[in-house]
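Just so it is clear, A, B, C and D label the chains in written order, and each chain counts residues from 1 on its own.
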Amino acid sequence: MADQKARIAVLGASGYTGSELVRLLLRHPRVEITVLTADRKAGQAMADVFPQFAPFPLPKLLTIEEADFSAVDLVFCALPHATTQQVVKGLLEKHPNLKVVDLSADFRLSDPGAYEQWYGHPHAALDLQKEAVFGLVEIYREEIKAARLVANPGCHTTTAILPIVPLLEAGAIEPDSIVIDSKTGMSGAGRSAKEAMLFSEISEGTFAYSVGSHRHMGELDQEYSKAAGRPVTPMFVPVLSPMNRGIYATIFVRTTGANAEDLHQLIATYYKGEPFVHVLPFGQVPLSRHTRGSNMVFIGVVADRVAGRAIIVSTLDNLVKGASGQAVQNMNLVLGFPETLGLEQIALSP
Amino acid sequence: MADQKARIAVLGASGYTGSELVRLLLRHPRVEITVLTADRKAGQAMADVFPQFAPFPLPKLLTIEEADFSAVDLVFCALPHATTQQVVKGLLEKHPNLKVVDLSADFRLSDPGAYEQWYGHPHAALDLQKEAVFGLVEIYREEIKAARLVANPGCHTTTAILPIVPLLEAGAIEPDSIVIDSKTGMSGAGRSAKEAMLFSEISEGTFAYSVGSHRHMGELDQEYSKAAGRPVTPMFVPVLSPMNRGIYATIFVRTTGANAEDLHQLIATYYKGEPFVHVLPFGQVPLSRHTRGSNMVFIGVVADRVAGRAIIVSTLDNLVKGASGQAVQNMNLVLGFPETLGLEQIALSP
Amino acid sequence: MADQKARIAVLGASGYTGSELVRLLLRHPRVEITVLTADRKAGQAMADVFPQFAPFPLPKLLTIEEADFSAVDLVFCALPHATTQQVVKGLLEKHPNLKVVDLSADFRLSDPGAYEQWYGHPHAALDLQKEAVFGLVEIYREEIKAARLVANPGCHTTTAILPIVPLLEAGAIEPDSIVIDSKTGMSGAGRSAKEAMLFSEISEGTFAYSVGSHRHMGELDQEYSKAAGRPVTPMFVPVLSPMNRGIYATIFVRTTGANAEDLHQLIATYYKGEPFVHVLPFGQVPLSRHTRGSNMVFIGVVADRVAGRAIIVSTLDNLVKGASGQAVQNMNLVLGFPETLGLEQIALSP
Amino acid sequence: MADQKARIAVLGASGYTGSELVRLLLRHPRVEITVLTADRKAGQAMADVFPQFAPFPLPKLLTIEEADFSAVDLVFCALPHATTQQVVKGLLEKHPNLKVVDLSADFRLSDPGAYEQWYGHPHAALDLQKEAVFGLVEIYREEIKAARLVANPGCHTTTAILPIVPLLEAGAIEPDSIVIDSKTGMSGAGRSAKEAMLFSEISEGTFAYSVGSHRHMGELDQEYSKAAGRPVTPMFVPVLSPMNRGIYATIFVRTTGANAEDLHQLIATYYKGEPFVHVLPFGQVPLSRHTRGSNMVFIGVVADRVAGRAIIVSTLDNLVKGASGQAVQNMNLVLGFPETLGLEQIALSP
């Protein structure tokens, strides 16, 4: 039976998106984890780094150089920005039949100029950047099925793109009116030891960061502009909320004539039948907890007190639908598995 | 010595704004608390309701009917909406020389029509509504000094009014562009036992409430419109952040020609010398923790990536500058004490 | 296919153990939920009470009286203490072939005298009390397989019984030396709206409750005494830790001659091969997070600095292995399913 | 007026005990802060390191070498262990009239052998170790008044020593029966950037650390043994609770004949009139929140269900009475100020 399973490598298994991939893949009926890498923790067992995995058999952590990818079917790449493009380039040159789902930001911007503008240096793997498919399944499902390299979108961007794209495509909102205040839990910042990320600095407080210019805006611009058929540059501020998991975006828009109920209808129709997108009844808003630990996105639409204005709320778990869950969803498409396989878990609340 | 101190009553001492008043007043060198009321907890000691006060002598909790106000100089009224106007009316009829600082929303809207629109019923004390002074010290300091009845502003509104009024007065921003996403800690919701306020419902989550139409918008409209000299109806959404204390407002604006640095300059100049308003250097944003437990407001201004747009961040402790601290600040003015007396405490972080 | 599935009723579905049962059962491949009751929320959809279930089809909430149990195979009873014994008695009189897994404390004490002592009134269903099997799978697996009525143990008690029973059975520790400080997350207190359970009362604080005499001590006494072959009455204090999920017991013991490493060996041997008990290497202690959302118990044993003394740490998720997960584990045994079915989920951390 | 104030230096101002000292001293009417050191942040303003101080004038951070102590009256030393003894030795050699309140563990153990045993190396300033007074004011008040060097006790130890010393002195409890489970908030771990202290590792979890052998046990042994007149080696486990501030010790004891109410009486009598120790009525236990941000200790005593056993609960704010507040209390004694000066602040709850 085991030999029928797809063989999976996770690069960067010692971070939170890496451990979340392992959590999901260990329970996925059609895959087995055969390679785990983590450069700084190489030589350790996964259970040394994340003791919750102690009861389960897993390969030892290796450096990327030590790892053997010859029998691997698909690689999840959960490495830091910039490193990634080098690593993926090397991997695919050596193993051109590998499938790659990349969780970094390296292949999300299809325009090399936009990449250079946001990241301050030219892209090191232009061919792959061109080849990569933006892994937002609900919008690019067919392209992903055929892809070799999928660029898994960011957590803030998945949250903000899903509810707005249907409205821009329909011309129902003013593209220049969009304002996004996107609250995030702390796990999105990763596991590096930084003073500003200590419990004693974060608990019992809230604050905005990267105000005015956050790199993931490039993804918003790209997808919004594509949907609108013209350049769109929304206002966007990420805000830290003292919780582990969750993105909670409050999105303020002005309509081009439609009322808020029409916006709700557009979104609900667009995502009808989608297994991982739930649109609440008009006028209701979700809580971030309703998606915690699950691969769901919950979306609500409410009318503002002033006609022609609406508030859209979108929420998901940044480590699942905002990262590793969406990555597994992409893997399912790439490998021809049922899209929801291994992703059925329902939210924990409390 | 004690007979030189002002005698203070706190109505509604069993709520969080009530206990915060007691915390501050117990250490204020010029006052003594002589009356505490709490209808549902009448007969109990304050230490039964808030054990942190056990080491300190305090009068027993009474019903309002039992309380004797004949020797009281100033009353803090921390009662629920609507009850308040009846109670204050009765009190001032019987004791016309009393001073009152009201922490409810009952006397904040000077326009009876606006009151009726937001609260769904006519005001029961129209003369007092007319007489009341809006207790935002930094803007109405002189009027407050002469007032008998001060309407202490709300926590969301104090946070959002202070940074924006200077910009509207100067005509520096588009009045119709203002979008406010105002994160709040849980203590602002009070101490009533509601399922939705349980730890197990709030911790580890974030959510928006009263979306589209929150009653405190009436205060924003009133003060913004006054400052702009024309009607202003901002977009405003309050969002629950899983923390005890703090309001953290992200405010999105478009300028009328000025750049973000000009906005910063306008705000900094407006509040120069104010003891409780701190404007950060241009481009920096505060954390809500920087004001926790103190009477300070911290304000930051940042340029958006697109010219002509700016993000303004304003934060305070909802129980101090957003409620009881501002109420004591008002008391200090009304009673002729130095404005900062009893309010010197510096923020706790962590 | 559906007709081959076992038909399950959940009584008390509007509480946290109820919703946790629904979360687990919805993903269990061999059951379908056919009846949900919640007296005070009867008539509502489960999604009205717990919006995380909105995307999934579930029966409407009924009163127990409205519910039809004639086609039900097994009932989970997640009702308050005392109500339960009446309800279960009525159910089993009418449907003697029903299987029942009861999550209340009503059937956990096999001695009617002990029940009366701890609960202050005689038991109302003495025959059933006698019939009920204590549902601690790792200790009573065979009895449970044959049971009609399983009394699912409490969360504090599961945590404290599992590591200590092997030591008492082996005579390796002084029965009178046992001291248990058992930290618990807030969800164990349930979903009733009480002032003392508000976020603003719980967050950022820790406190002991039911000090000196907590009802669940009866379960500890019963199981410890049985294992020791003599009466044992441990010291036990439950302590609230400001988190949603988790029991974390620090257990202090004195040995009868063995050293701490021997204790570790006894426990590790006792639970060798158990799918839901993980014993850490000697000298290591777990974090409560390592079990969050999973059905695992993690146990650690450490030597004290003084010979002949040891500290044992035991932790689990109070809503899973401490309640609903263990209940599903019991169901699996009672219905002849593989014991781990539907319980494979790995802990969420963060 | 300013020239009458005592001039204070804070060494190690960039840590949490350092910032807490600054918070308290800035509002102390009889002192002024003239020197702040922080080796790794030297050259920065205090407001760069702790932005809550931005509104208040403070000296720039220096290295210890840069600082001029010639006009300083008292030094608070909030440096890491081991560094401290060198620094204090050097300071007092150069400025023998300086007063020093040391917040590290370096001078707390009066027995050089005990020091060497717990810290693994000989003490580098044996004369000073001998000279230092253990700064637990309620027990050593008169010695402290005359001291040049005060060793401020640890947070766990202050919490556990205060309630137990009166009982050991009276011979009312079995010295070998003492078991202490001491919950602590995260700020006690300091501000160094460590993976294990990240919000995403701490929030929503609880765990024990340094199990079996924690260095601060040396202080417990010393003070307990002194009180008992014989060697006492309690069992002690520190446990991390996911909160910022607070120590919450559950202490289990067996009496020598007295009942729990007698223990309560002994403690209450011992601390009668103490401004910072509050003993609750018999049978009641405090919450850690009741002391948050204040210099108070709250103590409760409860009878166990078995005669001859009792549970004692003791709680304080680890950064105030557990560190910087107690240090200021010591300073007040050393400099001849009223003991409570600058420490009047009442607990914040919520």
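For this structure, a couple of remarks:
Here, a residue touches a chain if its C-beta (ideal position, glycine included) is under 8 Å from a C-beta of that chain, and two chains touch if they have at least 3 such contacts.
Labels paired with UniProt names: A, B, C, D = N-acetyl-gamma-glutamyl-phosphate reductase.
The structure displayed is predicted, hence computed values, not measured ones.
Each of A-B and A-D has its own count of C-beta contacts, and the greater count is at A-B. Taking the CA centroid of subunit A as reference, the farthest chain centroid is that of D.
For the pair subunit A and subunit D, the distance between C-alpha centroids works out to 46 Å.
In terms of their C-alpha centroids, the spacing between subunit A and subunit C amounts to 36 Å. Inter-chain spacing, taken between the CA centroids of subunit A and subunit B, is 39 Å.
Across the assembly, subunit A contributes 16, 186-187, 200-201, 203-204, 242-245, 286-287, 289, 349-350 as residues in contact with two or more other chains. For subunit C in complex with subunit A, the residues that touch the partner chain are 16, 19, 23, 26-27, 50-56, 186-187, 203-204, 244-245, 278, 280, 286-287, 289-291, 293-294, 296, 298, 319, 344-350.
Only residues 179, 181, 183, 185, 200-201, 203-209, 211-213, 217, 233, 235, 237, 239, 241-246, 248, 250, 252, 285-289, 292, 300, 302-306, 309, 311, 313, 315, 349-350 of subunit B touch subunit A when the two sit together in their complex.
Those residues of subunit B whose C-beta lies close enough to touch subunit C in the complex are 16, 186-187, 189, 191-195, 197-204, 242-244.
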